[in-house]
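Both of the next two complexes hold subunit A, though its partner changes from subunit B to subunit C.
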Partner chain A sequence: MRNKLIKNLNQVLLVLGIIVLALLVGAIIISFSGNSPLEAYFSMFNGAFGSKQRFMEVLVRMIPLVIMALGTSVAFKAQLWNIGGDGQFIMGSILAMAVSLYSGLPAIIGVPVSIIAAMIGGGLWSGLAGWLKVKFNANEVITTLMLNYIAIYFLSFLVYGPMMDAQGSKMPQTALVPEAYRLPLFESGNRLHMGIFMALILVVIMIFFWKSTVGFKIDLLGQGEKVTTYSGVSVKKMIVLTMVISGLLSGIAGWTEVYGVQYRLLEGITSGYGSIAIVIALMGGLNPIGILISGFFFSALLVGGATMQRMTDIPYSIVDIVQGLIITFIIARTAINFKEIKNKIARRMGHVK
Partner chain B sequence: MLSNIFTVGFFVSLLASTIRLATPILLPALGQIYTQRAGILNLSVEGTMTIGAVAGFAATFYSGSLWLGMLAGMVFGLFYGLLMAILSVTLRANQVIAGVALNILAAGLAVFFYRVIFGIQSLPPQVEPFKMLRIPILSNIPVIGVIFFQHNIIVYLAFVMVVVTWFILEKTTFGLKIRAVGENPKAADSKGIGVSKYRYSAIVIGGIYAGAAGAFMSIGYLNIFTESIIGGRGFIAVAVVIFARFLPIRAMWGALLFGLATALQLRLQALGIDVANQLMLMLPYAITIIALVLASKKADFPSAYTIPYSRKDR
Partner chain C sequence: MEEFKNNEYAVEMYKIVKEFNDVKAIDNVDFLVKNGSIHGLLGENGAGKTTLMNVLYGLYHPEQGEVIIKGIKSDINSPTKAISLGIGMIHQHFMLARPFSVVENVMLGRKSRKGILLDTKETAEDLVALAEKYKMKIDPYAKIWQLSVGEQQRVEILTALYQGAEILILDEPTAVLTPQEVDGLFDTLREMKNDGKAIILITHKLEEIVCIVDEVTVLRDGVMIGNVEVDCNTTKSELTKMMVGRDVLFNFEKSLNKTGEKKLEIKNIKVLNDKNFLALDGFSLDIYAGEIIGLAGVDGNGQKELCEALTGIRKVESGEVKLDTINIENKPPLFSIQKGIAHIPEDRHITGLALDWSLKKNLILKTFKDNSKFGLIDEKKIQERWENARIAYDIKANSGDDSARDLSGGNQQKVILARELENKPAIVIANQPTRGLDIGATEYVRQKILDAKGDGAGVLLVSADLEEILQLSDRIAVIYGGELMGILPSGSDVKKIGELMMGKKLEVKQNA
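And now, the complex of A and B:
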């Protein structure tokens, strides 16, 4: 137990060190552009924590990001590189929206149905990539990526065509989600909605998920096909199942965004959350609590960055740069640790002989 | 009605723009053949192209020289490739994650420096792009001349590079060694072929091709830089390489297929034909998946594909 604590503490310190390093490199780049890094980071911090409303906005942003990152972590644990979070998010939000537009169900039934619809949308979209992998050996990296683009254009087709708001202003968007369906707000004046509980509940569910048999099997899958085959698990089934679970979580993320924030479908609804979710999942060590913390950090970075761009001359892209740097340093660090572990194993094997 | 649309003129301009639109997929795909043959899946081509596009655009804008712009695109592509090489070869990081990371970083860097260099302007800054170069005599042949011989110089060069790439990979010892480190790095190593050295070269060459393609987008195809100028072409190039089974000539056909899908969509839209153009835009991506499905069973992936190499792993 104590060892585990120390190990976790080391992990946290390492990640903090990496964040500081990324911010330092970011600072050098900002000063290249003739701006003051201190001013940039101050207005970023202020932009995320300067007022209650901004802080609430950080939490709003965190809801879909944490849920999506949980989804990403499921696939990544199994060494399945699902980078199609955006597509799964979109398919989930489309089906969820369809329920509120067309089902005519009372909210008490309609809302749960819409969650299930979102799970189906996201889960099938990623499950398709999983199925193509086991059936045709099609690399999931490429298929999930291509499915992103297909989903993006499909969404665009729908909001310009069949699902466009008939009474509206001919804008590329659907009609609004009926009020009874919407996720209630905590208070007027900011956008924080009850979806935050969905995110927290899912974090807890995922903690138990990794202790369950299915979670254990997914973990095994990540340790190589041989291990999995020896332990009597059907690799093919597990690959598809892992992808489905991964995608259905992104689908739920889409549901929270439609029912809690936008109240409608529109183009660009994911705002590129998929790649941020990957960064969050990895920085969180693919662990639910870690994801919650790193999700909070990156949401603050995004919200703070947007404020910074409004207040100063410094472009928002610095947020992307810092994100890219953090993830680059993290993978560099993992690679180095990996080597050390291998050396250790090699040495031990030597002793045995 | 239909006979008014599908005239000879329609097909001629369709095929001409197919070739033009194939170019920014063909170039990075050719580069990725080296990289993937060496056993590296480099998803950061997309970001490398964005970097190349902004570097090429800025260099041309300030020097007035298009060739300097192409050179800048290639040099920046080279350095960005080097980053991928450090991550994936030296640090032996997971290649997919490294690619995702470098794409985020590239998008940030490209837009940041574009904003810093050009500021915010109501009209985006423009350059005079590469001009159409009519090949003497050949360009006067009816139909064929317009389709094949009225493009700018980079388009011709991209297609010349198909043969050059094929020659280097298949007929030179350098190409042989690149294939060797992707196929069986252990055996290559024991024969004294530096695995890291050849993997580095293969990734960096891929970066140069991608940088050139990025510059083509901003100073050869368009005359401006925008955030979404590459629009997934780098990813398509990666897919083209896989379904072309790592062969340059096949990659050319793959790139042309994508060129055709995009051109068809643009042409029909220009004619005001009411096809849901989003469904047309989906086509290239759907085709990639279908082609991947058809090719993957047969595709002879390099045996060490996506696997980092270490001498300790014997």
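And now, the complex of A and C:
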């Protein structure tokens, strides 16, 4: 038990270390660009936490990111590189939107149905990639990526065509979600909606999920196909199941965005969340709590960066740079053997003595 | 040896100390190797043999001590330096580029004699000449992945020789070889010795090397225990005692052969290997309760495919496998697990264990459903399970939360045994259960297999180690080219078994 605690603590310290390192290196780059790193970081921090409104905006951003990262983490744990979070998000949001547009169900039934529809949309979309892998040995990196494009253009087709708002301004978007269907806001004038509870509940569910037998099997698959088969677990079934679970979570993320923020479908609804969710999942060590923490950090970075750009002359690309640095350090972490370095230092100390 | 009058020794290492995190892996060891000799470096796993050799090869830098190569004090700080001093090392796990050909592998890291063009043809010719000189057979244009393990080892040796090695270190070279390949290797080593080269054999299997080495240095827990001259007549019990620090019983009590009813019936099965060739071609064998049937054979004659077919991992193309009266061929692996077929796989690291997982979780790989409550893994239960297994199987680990990767090979195998033998299996399929283990662990694993038999299990023991087969088996079956060559009674002549292993069929009365 204590060992576990120390392990978790190490994980947290490591993530903090990565962030600090990224900010430090980022500071050097910012000062090269002729800006003051202190000013940049301050206005970024201020932009994220300077007012209640801004802080709530951070949480709004966090909702879909954390849920998608949870979905990504499921596949990654099994060493399935599902990078099609965006596509699954879109398919989930399309089906969820369809329920509110066409079903005519009362909200009390319609909302749960829309969640299920979102799960089906996202789950089937990535399940398809899983099936292709099992059936034709198609690499999931390629298929999920390609399915992203299909989903993106399918969405465009829908919002320019069959699902376009008939009464509206002829903009490429659907009609609004009926008010009864929408996720309630915390207070008017702010965008923070009850979807935050969905994100938190899913974090808790995922903590238990990894202690369940299904989680056990997915984790086992990540340890290798041979040991999985040997243990009496069907690799093919698990690949498909893992992808479905991974995708249905991204589908739910789509649901929160449609029912809680946008209230309609429109082009570019994912805002590239998929790639950020991958970074969040990796930085969180594929662990639900870790994902919650790193999701919060990234949301603050994104919102703070956007505010910073509005308030100062410092370009938004700073945010991209810091993000890029974090990815680099995460990858470097797996490549660098810290134990070896520790040993080396210990040896050096030994020599001095 | 006359030409090396000036320096008697090729390698002189004095008072070597090597520490890892304040633990002395090697403590004040002197190690001397004469020119033109074969020197055994003996010790249990973890005794410091490989560490000492890694110091010599420049992979580790010692805290103290000096190294003298051919009479010249040398500071070997990298393998490059070691190679330039004429030291070559053949690691236990080969360092070859598998998609490349033999000659391409030898050329790696060398400058071509033809500038920007490759000197493949010339190198290949040199290589063939070199191989012939040392009684090795090699096709320089064969791709590495096409070669057997023994042939790959030859490529490693040739590479070292081609780089001009005068001192050759071989880490556990016989562990992966068949008896025939071992003989071939030893012929090569003798040639090299006659050529004045110094050869160091790291090993823990002394029985295999007593006839070839001139001298043996024994290490235990990082300390040098002794340096003895040996020949074919040296008894191994003496050396074993030096290695282990106590007497080791190699003669197991074989309980009286009271075999029960027929448990597993393999009838005329055909099974494909990974490359879609027939690995088993009409193989039949019966296994009875309470017996150990040893399956002898040169590696790669269908043993692995047989074990996988019996456990549902591999498809059976035709034929039948019956457990009692139930057909189990082509059933999913879970089916044979539930029916009580235990499987100790050949490959601990990839198949037998989830290496990054905790020991606790590795113990329930196959029974996680029984160790869960409401769909959640029951932490308390698996902790208990671990405590019991740790004691019952003498697993040396700090806690059940340690990852399997951190354990020694012997302890890893104990974890597998604890898992597989826990529920009194009906059938035990043990594929190379002691490969790569040290003496203590080998002894332990063999005893556990005997215990399983005592509990009434029918055991199929697959091993390339004839000594193991002879020690444990009640009947000895021999496989060659995916076919059963015959079944011999326990205590059969090794030569007879060897003949069958080479593909000579035993004349048997045909039963209808």
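Observations on the model:
The definition used in the following text is that the second predicted complex is superposed on the first by the 336 of 353 C-alpha atoms of A that agree within 3 Å, B and C clash if a C-alpha of one lies under 4 Å from a C-alpha of the other, contacts with A are read in each partner's own complex, and residues count from 1 in each chain.
Just so it is clear, a residue touches a chain if its C-beta (ideal position, glycine included) is under 8 Å from a C-beta of that chain, and two chains touch if they have at least 3 such contacts.
Here the structure is a predicted model, which means the values were calculated and not measured.
Applying the stated clash criterion after superposition on subunit A shows that subunit B and subunit C collide. Contact with subunit B, but none with subunit C, is seen for A:137 once the two complexes are overlaid on the shared chain. By the touch criterion stated above, A:213 is placed in contact with subunit C alone, subunit B being left untouched.
Applying the stated contact rule after C-alpha superposition, one finds that A:29 touches subunit B and leaves subunit C untouched. Shared-chain residue A:223: touches subunit C; no touch with subunit B. Between subunit B and subunit C, the partner in contact with more residues of subunit A is B.
When the shared chain is aligned, subunit B comes close enough to touch A:321, but subunit C does not. Using the contact criterion defined above for the overlaid structures, shared-chain residue A:310 touches neither subunit B nor subunit C, since it reaches no partner.
Of the two partner chains, subunit B is the only one touched by A:146; subunit C is not.
Common to the subunit B and subunit C contact sets on subunit A are residues 343, 346. Across the interface of their complex, subunit A is touched by residues 19-22, 63, 311, 313, 332-334, 337-338, 343, 345, 347, 350-357, 361, 365-366, 368-369, 372, 375-377, 379, 399, 401 of subunit C.
The residues of subunit A lying in touch with subunit C in their complex are 3-4, 208, 211-214, 216-217, 219-220, 223-224, 226-227, 229-234, 343, 346-347, 350. Subunit A contributes residues 29, 32-34, 81, 83, 132, 136-139, 141-143, 145-147, 149-150, 153-154, 156-157, 160-161, 275, 278-279, 282, 315, 317-325, 327-328, 331-332, 334-336, 338-339, 342-343, 346 to its touches with subunit B in the complex. Taken together, the subunit B residues at the contact with subunit A in this complex read 41, 43, 87, 91-94, 96-98, 100-113, 115-116, 232, 235, 238-239, 242, 276, 278-279, 281-282, 285-286, 288-289, 292-293, 296-297, 310, 312.
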